[in-house]
Amino acid sequence: MSLAVAHDDLVQFRRDLHRHPEPAWCEFYTTARIVEELETRDVDEIHYGPDVLGAERMNVPDDDELAEWFDRAKAAGAREDILAELEGGYTGAVAVIRRGDGPVVGLRVDIDALPIEEADAEHAPADGGFRSENEGWMHACGHDAHATFGLGAIDEVLASDFEGTLKVFFQPGEEQIVGGKPMAESELIGDVEYLVAVHVGLDHPTGEVVAGVDGFLAVSHFLAEFSGVPSHAGGHPEQGKNTVQAMAAAVQNLYGIPRHADGATRVNAGLVGGGTATNIIPEESYVEGEVRGETTDLMEYMDDKAETVLRSAAEMHEVEVETERLGRAPSATSDQELVDVVADVAGGVSGVDSVLERDELGGSEDATFLMRAVQDDGGYATYVGVGTDHPGGHHTSTFDVDEASLDVGVELLSGTVLEIAKRRP
Amino acid sequence: MSLAVAHDDLVQFRRDLHRHPEPAWCEFYTTARIVEELETRDVDEIHYGPDVLGAERMNVPDDDELAEWFDRAKAAGAREDILAELEGGYTGAVAVIRRGDGPVVGLRVDIDALPIEEADAEHAPADGGFRSENEGWMHACGHDAHATFGLGAIDEVLASDFEGTLKVFFQPGEEQIVGGKPMAESELIGDVEYLVAVHVGLDHPTGEVVAGVDGFLAVSHFLAEFSGVPSHAGGHPEQGKNTVQAMAAAVQNLYGIPRHADGATRVNAGLVGGGTATNIIPEESYVEGEVRGETTDLMEYMDDKAETVLRSAAEMHEVEVETERLGRAPSATSDQELVDVVADVAGGVSGVDSVLERDELGGSEDATFLMRAVQDDGGYATYVGVGTDHPGGHHTSTFDVDEASLDVGVELLSGTVLEIAKRRP
Amino acid sequence: MSLAVAHDDLVQFRRDLHRHPEPAWCEFYTTARIVEELETRDVDEIHYGPDVLGAERMNVPDDDELAEWFDRAKAAGAREDILAELEGGYTGAVAVIRRGDGPVVGLRVDIDALPIEEADAEHAPADGGFRSENEGWMHACGHDAHATFGLGAIDEVLASDFEGTLKVFFQPGEEQIVGGKPMAESELIGDVEYLVAVHVGLDHPTGEVVAGVDGFLAVSHFLAEFSGVPSHAGGHPEQGKNTVQAMAAAVQNLYGIPRHADGATRVNAGLVGGGTATNIIPEESYVEGEVRGETTDLMEYMDDKAETVLRSAAEMHEVEVETERLGRAPSATSDQELVDVVADVAGGVSGVDSVLERDELGGSEDATFLMRAVQDDGGYATYVGVGTDHPGGHHTSTFDVDEASLDVGVELLSGTVLEIAKRRP
Amino acid sequence: MSLAVAHDDLVQFRRDLHRHPEPAWCEFYTTARIVEELETRDVDEIHYGPDVLGAERMNVPDDDELAEWFDRAKAAGAREDILAELEGGYTGAVAVIRRGDGPVVGLRVDIDALPIEEADAEHAPADGGFRSENEGWMHACGHDAHATFGLGAIDEVLASDFEGTLKVFFQPGEEQIVGGKPMAESELIGDVEYLVAVHVGLDHPTGEVVAGVDGFLAVSHFLAEFSGVPSHAGGHPEQGKNTVQAMAAAVQNLYGIPRHADGATRVNAGLVGGGTATNIIPEESYVEGEVRGETTDLMEYMDDKAETVLRSAAEMHEVEVETERLGRAPSATSDQELVDVVADVAGGVSGVDSVLERDELGGSEDATFLMRAVQDDGGYATYVGVGTDHPGGHHTSTFDVDEASLDVGVELLSGTVLEIAKRRP
């Protein structure tokens, strides 16, 4: 089978996004470009702005930061009429193709980037002139490829005899696990019967496909901000309420939350800070961290314990603490029904020389929100891996996608959508 | 007695310095202005550049930061020929007046500022147009007044029948307790027989003088930098070597260093930080802190224990630690012989309505290095407090000096110098 | 099938042992009674004393405690000639039956008891007059039944047409996981090709059998003894070297050993103590604890980390620490080959109404040493569960064995031995 | 001056008490012997039983322990009619001598012993046949001498022309700082105008006297008992509520209570324990400790902080904690008025060759309750040191009193009482 979409178009689109990496809720350029492309196609509905997201969003940047990225997108040439709809950080988009009575199939791709300084030498994007133009930010996890997969699959489906409905979810804010939840709470997910989520790479080489990724750890990100009372550490140590002591007591005891017999748990105080000067009892401190669990229950067990530790550490040193959840994702499992379809389709995709039925992720992903939304309504979901030779690891400055895998992803995903529609009675 | 120097000149000089607050080893503008003023006077020797400082300086900023302040001083109008001598952060100056066979008297004033954003309303410097021009920095402890005291006292002594030698030490880097030690190790302190150090304010009102301040806690500032190994907190927590855990264990146990029967001790982890992201085991962390003791021995007891805690906390979590001492000052005591002189002189100073013989500082000061250098050679030293009505506390954004106290300080210090020379057989 | 051995004899023997519960390395009465019984049977070899145990034993009680239990066994009527061989705590026994050329089958039962005060009312042993006569100790885990299984199985095999070799290992010290290792290092295990270990209860009712128990966590027990320097807490806190501070730092950080991606880990500071009086800086402290892992490697990962934490906690507070391993057991897995045999046999055992192929233990057991010794030489092992209605949980004062299960165990184990011999080509 | 009382009588009485050391609230034998002796003298009132103690007593042993010591006292020959009054642990006695209109003078001596195993060789009490008969307990701080001082001083005063009232307080429970408070709350202290408390030894040799001991640290003893939920550390670590983790967090943070600018503070977790077995999450743990302060306010500052730490450490690990104050004493100062009297008298006492006006204790004492009760009513108090050559230090198994100092103490104290009466207008 050959693709309807040209390889060069896929490459060009991916590189455009690659040059404009954006953080969660700030994917203004990315969203605008996607919408712009969709408008040139025979798509039935294009949703963007507040109605692709359910009511509450976590960890939205402040107005200044939103404005900065907004302006940057505008300066980079994003269409202003589209941008206007995204104001306030309502990024992401959903494309809907309606072709008769078949099943409603969802495809989920994510679109955000990471706060990583991209390598500027011995690195294809640098050498090829499409290195990040947003200094300090980088598509270091391949979401530029994911968005390209989504657009390419639409082209393929449009060119086919597909019968059914296809919804492609271009999801914002996966890296901070903030986008999956509101998108899963939008009305658009309601009627999806089959959901395919996708990730490129994951240490699989170009030509390898994983039909069903599992082992998602449920995760919750927390921020605890301690505030106390400063005092001169020499003159009046007793007048201070010391937030660094509270923070240290919290850290020591967070890592000591009991292991659980029901499965794996995790905890990390990944980012901490506090104080102003050696001679001042520290007035402000914070811990930004995460807990995970093999199941959502285990994550919640850890999250509850973490809350208790943080609160009592504050009480211990007579300081205040405010805790906040910055992001969250449940665990999920790929359904065998869909895994079988993907595996079958993969066998016929050009360039695919290895099909793994299952693999473990060992990390977290908020695609799980959409997967569970579909599964909870009796539908099926799978999380597909599309291998790509990547020189550096994910989340490193030398990560890159082998662009040959763009075609593989497009063919695999569109083929899967068509096969689902075909098999469905 | 009336002053030879005009009040307005004192005010103008103080305000000039106030507009240009600079950190330790970056007092380029301040030093250049002092030297420039000294050159207009009948001073026998003006020392500046490396020879006012003994060999080793702690905590010198990196070249970029030095260059930035250097350029800023140049832009503010500091004389380039003087600046050239200060390159590399060799700030501070010593003025020497030799008038016959009398005693060698030293006067020590400090000249650096603090990283505090100055208030911009309901604050005399803001209202009077001499608010800090170096945003984020402020003369919030009155060292602008101290330098003015030094210059004014020189004028008074020059106008008098003083017989002896006067050395005025314009010391850099007191706030970070880094300037006292190298200045005390320069050759210039060697022959000083009487040393008078001075501080404005200290919660004493205008018109009050303290003839001998005591209760200096010996102090040592330390920096401990932990480096470990990052890993994905979900995927491979066991592959990380976690510096935040090490840092937290260190903090918990630093505050637990045993109290000492011989006197007061202090410890503070004043500034801490670590990690990069919630989902990464933190590779780098640091603690910047201090220990103090009522005596130098007690400070060293604390310092040794702190080192042990920091090293073993690193070992506990299998990470590396590098510790460094950023600044240090011993304790010291004001000699009764000089306290008596100051108290006697103070009684006759215009505007002085209250003379306290002794008071306790309860903090630290690296004037103690110079005091002890003199005392160790058989000389005498005292640390004098010159009251000033200050609206905000020291080290706050609303601190200010009542300029009426400039005259008090100049008269008290010059009077003391003359009285020492007079009493000396 | 009916048993050769009378139910009443099984009951009587079990109750005799139940009345004389003994700790690890002190099973003098128990061993002597077993040997005495074996001597009345047509057993080819009876091993007891040092040669049933490899060279090194962990956690042997001191001479006084050994002597106390030794004397108690004598007073309770144990045969003195047998006791003499056990002196020094060389408890345990191995019976060997050689009947022609068939396979060498091992059966492992353990014989020690727990430091638990037995219930004295509403409890069958109390009501039936066979409550523990060693106050404070109790067969609260059913090892009295295990020894009875072993003896009964010997009777059945002797009464059969068994062809092969049967070795029954009456193992001491399982509760403290100290007996398995030396018994697995004795020469007697060397030629065993099939090993069946057994446990009664485990929350399975009478009539239920588990053919292969898995999920043994590898475990290591440690003891860390800190020794410091006492001083008067009011007069000279600085002169002390505080072991309670070291112990607390160790505990906090032991629980914080990073979780491992490869599987479950555990850590517990189960027993701690320190100090002498409120006003004395504590000179001595200790932590007795354990680490576990889903695999032996994971246990060793935890054990290495624990050692590091203990050593550095001591260094942190300038005290000494001696660490010791008190007991240890690897993980192990039941081989499907033997699980199949047991399941098949169980189906035909009187009173068995439920056969589970597999179950998880979730705890630790040092039968794993013998299992792995056999498996490492190419043999097969399984760990069998024999259900029993037990009113209280294992390790509680109201635990008891439903004596109907004695017959089930004897028939199941002897049947398994015979079936192994039969199937073996 | 020579004494009315014979040296041999003093020695015999002291040795009788030395053979019968008793803990707080269990000084049955000691109290009975004192009362018996008082009854043979011309003393106006002898108080014992509940009326020498105000309402509330801390840390009274349980009934079993009281009964054991009660029976032991009876067996040792204590008079049963006296013992009957002491039942419930109402130990201690007050003797009152009324001789006309002079001042009311109090003398305070304490009578309890320590849980120390007395040396049994190269130790005068062992060699002389008066070693402790209560194994594990010892008069290792000289309170046997104190009681002897009290009785001897009564003899001397009775033999003199004393005019006034003398009240001798034989105080129980000083070592646990539990006796001073209730005795200071009895009505008997109400009219005392001058109080002299006394201690032997304190590292001063025989022949040396300290007229006024100061530097008492206020102290509070606390007991915190944590109770959680046990669970199997391998099978269900998450089901436990771990008190050892709570205890360790408490200890780490108790030592980290901020130092105070107003003066010396102390904290010690002197005695800790918890848990039952390596494989059980520890259900019970405790910390017995103390805080001290240079002033009573400072002690209370520490005590409040300790309470906060203990409570929040429990919350952190979701366990319960009960805290209790076991004993308490304020700080106190010797009044110069009385110090002068003692110093004057001391100069004339036989065998005294060195009189120190002042010395620092650096520890705690609950004589301070009686001292402050008198001082708060406008009276005067001093704490006198009577030197004695003591081979081992206080609170060690080789401590002993040079019996020559018995005469010194008796003469000094009675002389002071007479001199007070003489000087008083």
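Labels A, B, C and D are assigned to the chains in the order they are written; within every chain, residues are numbered from 1.
Everything below uses one rule, namely that a residue touches a chain if its C-beta (ideal position, glycine included) is under 8 Å from a C-beta of that chain, and two chains touch if they have at least 3 such contacts.
This one's a predicted model, so the numbers in the text were calculated from it and none came from an experiment.
The fewest steps needed to get from chain B to chain D, moving only between touching chains, is 1.
With centres computed as the average of Cα coordinates, no chain lies farther from chain A than D. A straight line joining the Cα centres of chain A and chain B is 51 Å long. Rounded to whole angstrom units, the spacing between the C-alpha centres of chain A and chain D is 69.
The set of chain A residues that touch two or more partner chains comprises 235-237, 242, 245, 249, 252-253, 255-256, 258-259, 261, 266, 281, 362. Chain A contributes residues 217, 219, 221, 232-237, 242, 244-245, 247-249, 251-252, 255, 266, 268-282, 285, 288-290, 292, 326, 362-364 to its touches with chain B in the complex.
Across the complex, chain A meets chain C through its residues 252-253, 255-256, 258-259, 261, 264-267, 362. Across the complex, chain A is touched by residues 235-240, 242, 245, 249, 252-253, 256, 258-262, 281, 301, 308-309, 311-313, 315-318 of chain D.
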